[in-house]
Structures are given as structure tokens and as C-alpha cells.
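The block underneath contains the structure these notes are about, expressed in C-alpha cells.
Letters A, B, C and D name the chains as they come in the text, with residue numbers starting at 1 for each one.
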Amino acid sequence: MTNHWVDIKNTDLVLIMGGNAAEAHPCGFKWVTEAKAHRKAKLIVVDPRFTRSAAVADFYAPIRAGTDIAFLGGLINYLLINDKIQHEYVKNYTDFSFLVKEEYGFEDGIFTGYNAEKRSYDKSTWGYQIGKDGFVLTDPSLENPRCVYRMMKAHYSRYTPDMVSTICGTPKDAFLKICAMAAETSAPNKAMTIMYALGWTQHSQGTQMIRTAAMVQLLLGNIGVAGGGMNALRGHSNIQGLTDLGLLSNLLPGYMTLPSDAEQDYKTYIEKRAFKPMRPGQMSYWQNYGKFFVSTMKAWYGDAATAENNWAYDWLPKLDKGYDILQVFENMNNGSVNGYICQGFNPLAAAPCKVKVSGSLAKLKFLVTIDPLATETSEFWQNHGEYNDVDPTKIATEVFRLPSTCFAEEDGSLVSSSRVLQWHWKAAEPPGDALGDQEILAGIFLKVRELYKKDGGAFPDPILNLTWKHRQPYSPSPEELAKEFSGRALKEVTDPKDATKVLVKAGEQINGFGELRDDGSTACGCWIFAGCWSEKGNLMARRDNSDPYGIGQTLNWAFAWPANRRILYNRASCDPSGKPYDPKRKVIGWDAGVGKWTGSDIPDFKADSAPEEGMNPFIMNPEGVARFFAIDKMAEGPFPEHYEPMESPLLNNPLHPKNDQARANPAARVFKGDWVTFGKPDKFPYVCTTYRLTEHFHFWTKHVKTSAIIQPEQFVEMGEELAKEKGIKSGDHVRVKSNRGFIVAVAVVTKRVPTLNVGGKKVHTVGVPIHWGFMGLAKNGYITNSLTPFVGDANTQTPEFKAFIVNIEKV
Amino acid sequence: MALQSLDIKARSATTTPSPAVRGEAIKVAKLIDISKCIGCKACQVACMEWNDLRDEVGTNAGTYDNPRDLTDQSWTVMRFAEVEVQAGKLEWLIRKDGCMHCADPGCLKACPAPGAIVQYTNGIVDFHEENCIGCGYCITGCPFNIPRISKKDGKAYKCTLCSDRVAVGMEPACVKTCPTGAILFGSKDDMIHHAEGRITDLKERGYQNAGLYDPSGVGGTHVMYVLQHADQPGLYNNLPKDPHISPMVSLWKGVTKPLASFALGLAVFAGFFHYVTSGPNEVKDEEHTS
Amino acid sequence: MQVTRRQFFKICAAGVSGSSLAVLGFSPTDALAEVRTFKLARTTETRNTCPYCSVGCGILIYSLGDKSKNAPAEIIHIEGDPDHPVNRGTLCPKGAGLLDFVQSPSRLKHPEYRAPGAKEWKRISWDEAFTRIAKLMKDDRDKNFIAKNDKGDTVNRWVSTGMLAASASSNETGYLTHKIARSLGMLAFDNQARV
Amino acid sequence: MSEQVVTRYKVSERANHWVTAISFILLAASGLALFHPAFFFMNNLLGGGTWSRILHPFIGVVMVVSFFIFATQLWSQNKITAADREWQKHLGDILCNKATQLPEIGKYNIGQKYLFWILVITIALLLVSGVVMWQPWFTPIFPIVLVRLASLVHAIAGFIAILAIIVHIYSAYWVKGSVRGMTRGTVTAAWAKHHHPGWYKDISKGNR
């Protein structure tokens, strides 16, 4: 979230799209009801289903699953045509006036540089025009046809209300009503917040859906302000933390990235990431990349990381490609993966195309599961009748099932979607012989290390030199680990402007990432968390909930990254002269008297940079401004374009009916063997979307009696019209089939799943909740991911769980 | 917990007044704002958890309603209704069903077991299972069809409004947990005041018939609803428009009770007086001998 | 048997007085009402956060006993933390039922092992588990570790064993997991951010 | 001088009567206990409120069975005749022990016949309504409106039955020499001649 849960109460308009906050995040959704109650805010819900969020909305509009870019692109077109944009904001804080390279182009759904064979782009033409001074060329008059504003206007002019309605199936008047409501928040003192979640990420073009929405928010001047923002409602309790800590194939802690094979030279690795400003006077905070990197390597490898060995740069594994979960299961299926460790993760239930996942797991030599609960994955080899029909005698995988503690039996911190790191305390001992995750990790790692020490082996250096300064080596304490990622000074750290001024003494915890150095004098396991455990103590455990400004910032409650900021980009809540756009919801403002930015939040800015200096609010971007034109950052194009889901009820993309290449996302990765697993609408005519219900959490709560009681049995939802056509009544059992598998479940026939008119064609939707499986207290059911396609978003490889095609029949 | 006799306003099957009739205490109420309810069932779970109830893991009957009805283990359930009050505008009305804690409780009136049902001065109507004999009369007395008899111990159960929590100054479990603030708890006056604000807001949002459900037929209730369509409570899974204790129950447990008891007493007395005044009907001796 | 007139009077008198006393409420089974005992009165309260979604609600865990040596704590109730600025004491249906997660019959209690082709689990000790897993990992790493790619570039990666990290585990666990995974050269490393 | 006696009730009739009677007393006591708090103490007869609630319907079934067997035995003798109506006109005098010129009535006078028919009707009603009210077995099957109606009917029928039985018991007590008919099975010939001359004639004929 750019903003945070409580801040939603400051909004004037809430758009829930690509998510279902009331069901998936009820306690966070509370702040929507607060905004409605105390600010007379309105709530809009756009969703293929009339969800429980829609039940309390002021306005609901249906949409065909997977067509959100068309909807939002239409909204951009509306705002530009009707001039409903926050002029001062876009002119100063975005790349509106930046000039785009002459070579860049877009034709019939494909951007310049496409390689159809590789299904990827050469992005060299996707950039700004750079002047002789090394800075981007701009045209503040916005007259130049190559300026981002004009390019964008032209790009989205095709997204007319009629086209939106044709693609999305949303009635035109409903679409226009939402446009008009959103447009009102272009006023500088009005804010709209967008709340989204997996309903946007889980598409083959999910990242671009989110970008399109962010562009809407920028046009309206709603980023950085109280009650505004792009608010990703994260899933698991610490998925934010694990992402922050870089537990993904290609990341290092704090959104640093692993080197690729080609990056053999340490210096070029750093230089490529330490972006120089692209406009004069801008901060470009990533310039400090080296400080963050060296400090992480010092935390990991201690004295073994030296200037001489480039801080152990070569010890890091280098990427030949991404190894996301889909790629790994593809490799496993090909027999090139032998071992797999599932720590609190149930991929048999959670990953797409169960038949492929199950077959892949059976090819492993060993599987280790670490979990408090008995997961489906841990028993993938066991025959569970129709729900998991396998022959154990034919599966040669060695499986270990290690019992771990749950939240109530451990100390530690979690990062909420608001980016707040909160400490929690142990209340009881775990059941039986269960151990904490840290003890299990230590148990395995120290055994591996012992073997390498004793017998040697392949490249043991990083294993033998990994820092392990724990008072109880077999039980590293959360306090020790938290202090390690928060960071400490190895040598005295002084003020760069005044070497006599000591900022931190050697051996002390640092106060923030501003104190990190690239000379090996600081160690910090995750730079964005820096300062969460300083010499003042464990700031994550703070419990002062006072809110002196009354807009919900509570700066003394726990610790938010970065630097305890609660609203990101908050400099953009002020006009260029430093005055808040809405004084009633002041986040920060320039206080000329003290020469500092002050207010209810920590400024996301150089605290003493006066407005006259011209530094712009988006300090992480080398331009200092927000980008409408994504340059080379996205896989499928600098401007989001609507493509059909990989499986869609339409045979072509209504925007490019004649270009088959532009039907679905041209840059989405599809593994060779998977093309044949995609279905065609003649056999699978209905759109299917999978989702979560408020009564359950993923695949855990079927083990929980209370949840099993309030939502006991697997079901699928369908509209009354489809049910009538198929002779299905509520309570009947139906079979839902995709080209990859089937499930059988109870039918819930409802008015809440509308039949859509998509370009004159009737499109029915079938909704399938995900929560059931063959373990636990709830009634056993089929794994919903038996149905889903093995394809992901072109940028993140997030599987396309939200839009594919199926057929149904009564059983 | 101390005996609560000073806090008792009425007691089932008790003909004398309770101590608390001497004065007034602050009345509490739970306000359920259906326009804010997202049907998440957190209240159901909180109720189960606090009161140590666990119903059967049931089945899906083609709806979101689970458990499908109130039971001795489910003291509150969400009832879902898809309606189109205005053509083309779908509304999903979700009502939390459970004991309404009537000011004039039909269950208490019908109950034959002394002290099995009590009404506290704060308005809570509570069942005391140790006194309950399991006759089920409370069910017939209730205008909202709430109490349920357990198949295991044969006693009647329903929402206590968490009388154990309220007794120590806390709010009921369902109220505390409600994520959207659709359930509030406080003095009845405050709840009515809050409801007025909500109704104004709903009217501004186009619900012309928004209103408070505090039916006078049962003397008002200590669980009230804010309804978007107060003119049609039936839309909310047949919430009764004008609930009152059934005339059959009133007749049976009202005037009939003392009159009939009196009549029976009178019959005994009549016999007694007849005997005293007229003497026995004996066959005269001469008839024996004849 | 004949009841005399005098006896009859007595019976009637007793009956009348009995029923009139009863009418006045003098019933022998009269019992006073009391509310259920407040079950948290002397429990221990521990502050924690909900492990499900990323709203990060504050919770209060109530356990039996005072944590004295001879009384292992047993969690009996969980409810929302009213001080928490986001949830302010509220909890969703999952959070409100956290007690049943802690006490779930599906909770695992012992390390278990399933041999190739076996149909059942076998209980093993932690040491057996760690020893065997470490051996399997080292064997695979030693065999499949890629120090240099085809071009001769140093790449130091191990991609034949992968790991999925738990997105509900703490930062401390996540940090330690990351450190260990990268020190082994792992790249096939992911978490629940996508699913 | 040994008294001349005639048989009024056979053993089977007496047994049925007393099964019915004892059941009725228990039912009335436990029923009244639930009817008005004044009578709640009577629950103790069956071991307290809960036991009363549990046993009452079972005892009810026992009574219904024994009563209807008994009733079929007496059915034909309880048809109301013209003589009965004539007898009824003298009720005032009878109650004042002043009656002299009475029509010859059979085994039962009209009061007894009324009792018979009242009990046949009320016990049938009590049975039907009782089943509807029978927790926890049958009640859940029926709609609440029906249960409410049943409760009311049960109460009214019970009230009438009890009232009738009070009159019955008193009459038995008041009319000296009656009780032995149901305890020992015989009444004096004088009693029979006096109270049920028609019947006496019949049985006298039969005896001879």
C-alpha cells in the first residue's frame, strides 16, 4: 500500500476493483465504512461478481474477468477528453511533458521491437529523448506530439465508452457513471483511493492492470495524499515482509536485485542500479545502492566480506533466468529438480494446474515440508480417493513432514500491508515436539555446514562463512535476528558533512538507512528495515496509539518502513510551493521558519530541501517524477494495452480483431508443452474466475473448526440464466471442467453473478472458491487449481487464476 | 459471580415482583446496522468461541447460510437475501439473526419453570439452563422463533447477549469483533441516537424508507436493526413487520392461567361446601332392608 | 375405607393453604439467577498479531495459569486488541476463530518420514530428520552445483533443489531463510507473493 | 346379616380405571405444575421439573391406552337416553339430597355419561396436542403456529378434564357406597337399586 489501512478513512471515494476488500480484509475494510460514515465518502465496486463488498457499495458495476485494462483505459480516456485531471500535479510531478523517443511506436496491438518467436520485446526504443546534458528533454507547453501527455492521449483515444462496454460487458451508463464519480476527485482537495488485490495481480496482464490504475490516480492527483493512493491489499500476514526481505528468485533484501550471468563485474553491477538523476536537482535515492548492498553482505558474511573480494559479490548465485514457482515446477516436471523444501507453503493446493504439480512432485527425490498443519502437499503421494487419486507405491519421493510452531508460540515481527513492522509475543509452548522455524532452519543448516566442514564439497565458502553469531546456535533468537536486519555500525559512523560528528558508535545499532556506508563500516540485513531496532530499543514493539493530528498516522505505533513513513510519496500532497493541497488532511508541509518539512507524517523527501530547490516528490525515480510512460520497466509495453486473458470466450481482441498476435498478452511466457493445455471457447464457453471467501483463509482454515462450521463445503457460483440453460438448481452437484481437469461441487445459483453482454454475445461467468482440499475438518473437496492454467503475468509470472474458461454440467 | 437478584427485573414462572422493579437502571442495547453488514460471520465465530459452542460441520445447501439455522450451538446466524427492490438494482441484504431481547419477552411469559428465564434490569433476557426443564414453551412464546432445544441435554439455549461479559463491563463478543462496526453496543438511548444518524445518511444515499427496527409490539427490543427498507422488514428473510406475542400464547399464559387455577380451586371449594351444606348422598337404611 | 367428615376438612385445609402459599410464590424450588462466571478473570494476557492476512490485526491471547513452572500455559481464548490502531479490537471470522487454529486436530506434533513407495508415515526424531535432509541436500548440491556457466562466467548457483518460503512466518524467520538459501546458492526460491 | 351385593365392575375394568386414574393424577399434577407457578411444586411428585417434562408425555401415552380400552368397555352404556334427560331435570333436587321421583336410569346417570364423553373428547385432544408439544421429539417437525395452538388446546382440554375429574371424585365421595364399586368391584344391592334402578333391574334379571 502506498498509504495505510487507517488512512482510508480520509478518502472521498473508494474504488474496489481487482479485489474484494470486505471479504478478504474485513478489518481493514472497516476504514471504508468509517470514510462513508464520517466523510460521506462513496464506495464503488467493479467486479465480475456482486461480492460482499458490493453489498455495502453505493454503486456496483459488473465487468468481464480479465478486462480491467480496457475499463481503466476507458477511464483515462474520459479524464483526458473531459479535462478532469489535476493540472498542477500532473504537470509538475509526472512525466507529462517528457519527450518520447522518435523510434518508439505502436501498431495494431504490438509495440516496437517485438520478437514473436521469443515472445519478448527489444525495449531499446521504449525511452525518453535524452538531451546533450544527459537529462530528459521536455516540453512544458505540452504541444510537442511526442510528449508523454499527447502520446498517452492518442493511445487511449481508442478506449471509447462503447469500446469499453464491448470488451468488458459493463453497461455503458454504469461505466460513465463511475467515470464521472472518479473525475470529481481531480479537484486538489478531493481524494480517491483504489483498493485492489489478487483480482488484478493474477492475470497474464496483471501488472499492467495495476499500472493503468496507478495512471488514473496520477491523473487525478491522488498519489501521496491522505485518503488516496494505490493500495495493494497483500495476502498473507507477512507476505509484505517476505517480499521486503527479498525472498523471491531474483531479489536481495530491500528490493535489491541479484546479478545476472552477464554481470561478472561488481562495479558495473552497482553502477547499473545506482541510477543517476535524469532531471536536474533530483534525488534519485537508488544512488545509494552500493551502501545498501555492502551493508547486506557485511551482515551475511561478516569479516569474510571485504573490499578485496568485492564484499563476496561472487558468492551470490547469478541468474540465467527467473526461477519463479511456475518455472520451478516446469523444471521439476522435466526432471531437473531433485529436492524441494516447502516451508509453510502448500503448492499442491496453491499452484496452478494440479495435475502438473502433482506429477512434478512425484519426480522429486526428496520433499521437506515444514508446517504447523498437515497440508495436502505433505500427502501428495497418499491416495485420498477421488480427490487425490494416486498410487503411493509408484511414487519414489522421500518425504519429511516437520512440525513447526504457529504465531501463538513464537516471538517475532510481521509486516502488515501498511508496511508496519509489528512485534508479537509468545503465549504458549507448541504441541508435542514441534519446533520454531528458526530452530528447524538452524538444525538443517548447521548439519549441512558440519558436513561441508568435515568432508568439503562444491563451493563451501559461503556456507562456511555465513555469519552465525547466535548465543544458542541451534536456536537463533528473534531478537538477535531482528537486530541483524535492522543493522549496526561495525566501526564508528560519522556525519559526511562533518567528520567530527559521530552518528553511531562502533557496535551500536544504527538509527536508519541514512547511516549506512559502502566501506564495510556498517552491517544491515535489510536496508529498508534499518532502524527498526535501534539503540532506543525494539521500535516494532511500540504500542503508543496516539494520533495527535486525527488523521490516523499513529507514528509511535510499531515501526513502518521506510524510516517510519506512513504515506509514501507524501511530498506530492503539497503544491510545488510546499503548501498542502488540502490543509484539513495535512500530511506534511514546508515550514519555512524551521527550514524543514513537518506534519503528521515523516516526510518521504529530503527533509530540509526547500520547495525552491525544485526537487520532485518521487525520489526513488531518477526523474523525480512519476511515469505514465513506463520506459523499459514493463515486459509488454510502456503504455498498458488491453489483451484478452490467455483463455478467453472471445476468439480475438476487439481492439485488434485482425491481429492474432495481439489477442492475448504477446509477452506472457508459455512453456512449450502448455499450449495444448489451453482450451477453446467452443468446448469451454464460460468464463471462470477463482477467489477466496471471507469465511476461510487459503487452505489453512479448513483445519479450523469454526471456519469449517460457517462455510463447510465446496461450491461453485453461477448466474440464474446459465443455471436455467443447464437445468441446474441451487444445491445440485455440478461438474466444472477445464481443459486441465475438473472439480465437482454444490451449485449456488445466484443473481449475484450477472450474465454479460460482450459485443452482442452473452457471456456467462462461473465462480469457484479455492478453499477446499482433502485434508482438514471441512468437508473434503477437489483442489480448485485442478482447473487453472499454467501461465502467469508477463512481468511477475503470477498465475492467471482469475480468468480462464470452463464448461459445466449437472451430475 | 455473585447472585444477581438485585439486577433482576423479571423472572419466569414467578408471581411476585423481583427486587429491581423498585427502580430504573440504564438499559443496554445492541444495534445491528444492516447497511454496514458484509455478512462475514465474524459475529457467529466470536459467539461460538466465547460461549464454547461448536455446531456440526454441515453441508452447503446452495446458499451462503451456514449453519443453516439457529441451534443450541449456533446462537446467531447470518441470513442472506438477494432482492431487487428497485428493478435492476440488486441488493444483498444480510441479517444477523438471533435473540432480540424483547422488553416484553414472550419466552419468559411462556416459561413454566421458575427462574429458567430472567430479564435483567439492563434489558438482557437470559436463560438459566439449571432451572430449565426443557418443555420448549419458550419457543412457542417467542415471536421471532429464536430459542432451540438441545438434542443432547434437552434444555433451551439462545443468545445471552454475553451477560457474563456485560456483567463485568465488557461488550458482547459479536459486537467487539464486528469488523465494519455494523454491530454496536451501548445504552439503548445512545443506540437510538446513533441509529438516527445512520438513517439520515442512508436517506441521503437514496434509501428513502430507511429506519430503525425497535418493534413496539414486544415493548421494544434490546437488539435493534437499522434497515434500508424499514417499510418492508419481510425482505430481510421474513423479519416480522409487527411482532407480538401470539394471542394464543397470551391467552394460554395470560388471563387463562389465574382464572383457570381459580376455577379449579373453586371446584374443590364448591364440593367442600356442598358436602358441608347438603351432606352425603347416602342410601337410606330402609332401602337396605327392603 | 371411609374418610370421616373431620378428616376431609383437614385434607382440604392443607390443600388450600398449600396452594395459596404457592400462589404467593412460595415455591420450594425457588433458585436465584446468576450469570456465567467470567472466564478470563485470572488468565494471562499476551499480545500478538493475527497470522492470516496482511491487515495485521492486534490480538490478545488468553492462557490458563500464570506461567508458573508447574503450570504449562494453555491457550483458551483469543480476541481483538482494542488498542491496535487498525483493528481496534475487531476481528474477522478467521481471526475470531484463531483459537481453533491453535487447537486444531490437524496440528502436527512429531517429525514424520515417508520412505519411497511407502503408504504410511513413520515417526522419526528431529536428529534423524536433520541428518537425513542435510545429507540429501549436500549430495544433490555437490552433484549439481554450477560454479561456471557454458561461457565460463562465475555463476555459483544451485538450481536442482528449490525452496518455497512461508509468507506467514516472521521477518526473523524470513531473513534467516534468505541468508541460508543464498549461501547455498539457491535460486529456485519463491514465496506466496504470487498465489 | 350379610349385605346383599351386586358386581358393578369386573377386574379388568377396575384395573383399567385405576391405571387411568393414577396416570391422570400424575399427569394433572405435572401438567398443573407447568400451567401455573402456584402448582410448580407438584413437579416433585415425578422427581422435579425436568423429570416431569420427560415423564409426563410417556405417562400420557399410558393413560391414553388404558383409558381408551376402558372407554370401549363402557362405550355402549354411555349413550344418552330420554330417561337420562328426564333425570337431568331433577339435578337440583338430587344435589340437595331431596330427589324422590326419579326416572329409572341405567348403569350410568347423565352426569356420569357427560363425564365419559368429556373425557373421551379431552383426552383425544390432549393426545393430539400433546404429541405436537412433545419435546424434543416431535415439536421440531411442526410449525410454531401449530405448536402454539396445541399448547393452548392442551391447556384448555387439561383444564376441562381436571375440572371434570374433580366433580367425578367428589361425586364418588359424596355418593356414599360408590367407591367400593371401583375398589372391590361390588356395590350393595340397595345402592344399585337406589341410584341405578334400571341397571339393577337388568342385572337382577340376568342373575335369575
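Here, a contact is a pair of C-beta atoms (placed from the backbone, for glycine too) under 8 Å apart; a residue touches a chain by one contact, two chains touch by 3 or more.
The structure displayed is predicted, hence computed values, not measured ones.
Q: Starting from the Cα centroid of subunit D, hunt down the chain whose centroid lies farthest away.
A: A
Q: Could you compare the number of C-beta pairs in contact for A-B with that for A-C and name the larger?
A: A-C
Q: Using CA atom means as chain centres, which chain is nearest the centre of all the protein shown?
A: Centre-most chain by C-alpha means: C.
Q: Where the centres are mean C-alpha positions, what is the separation of subunit A from subunit B, in Å?
A: The answer is 48 Å.
Q: In whole angstrom, how far does the Cα centroid of subunit A sit from the Cα centroid of subunit C?
A: Spacing between the chain centres: roughly 28 Å.
Q: Any idea how many Å lie between the Cα centroids of subunit B and subunit D?
A: 39
Q: In whole angstrom, what separates the CA-based centres of subunit C and subunit D?
A: Roughly 64 Å, centre to centre.
Q: Quick check: what residues of subunit A touch more than one other chain, meaning two or more?
A: Residues 26-27, 30, 694-695, 705-707, 710, 777.
Q: Residues of subunit B that contact two or more other chains, please.
A: Residues 14-15, 40-42, 44-45, 48-49, 114, 131, 179, 181, 261, 268, 275 of subunit B each touch two or more of the other chains.
Q: Can you tell me which residues of subunit C touch two or more of the remaining chains?
A: Subunit C, residues with two or more chain partners: 8, 19, 23, 25, 27, 29, 78, 87, 90-93, 95-97, 99-100.
Q: Under the touch definition given earlier, write down the residues of subunit A that touch subunit B in their complex.
A: 22-23, 26-27, 29-30, 33-34, 36-37, 40, 50, 52-56, 58, 60, 694-695, 705-715, 729-732, 746-752, 777-779
Q: Would you tell me which residues of subunit C are touching subunit A in their complex?
A: Its residues touching subunit A are 44, 46-58, 61, 63, 72-75, 78, 83-88, 90-102, 104-119, 121, 126, 129-138, 140-142, 144-145, 147, 149, 151, 153-195.
Q: Please output the residues of subunit B touching subunit A within their complex, sorted ascending.
A: 35-42, 44-45, 48-49, 54-64, 66-67, 74, 82, 84, 90-92, 94, 179-182, 198, 201, 204-205
Q: Can you list the residues on subunit B that touch subunit D in the complex?
A: Its residues touching subunit D are 13-15, 110, 112-114, 131-137, 139-140, 145, 149-151, 154, 246, 248-249, 251-252, 256-258, 260-261, 263-264, 267-268, 271, 274-275, 278-284, 287-288, 290.
Q: If we count contacts the way the header does, which residues on subunit B are in touch with subunit C in the complex?
A: So the residues of subunit B touching subunit C come out as 1-5, 8, 11, 14-16, 40-42, 44-46, 48-50, 114-115, 118, 126, 128, 130-131, 160, 163-165, 167-168, 173, 176-179, 181, 261, 265, 268-269, 272, 275.
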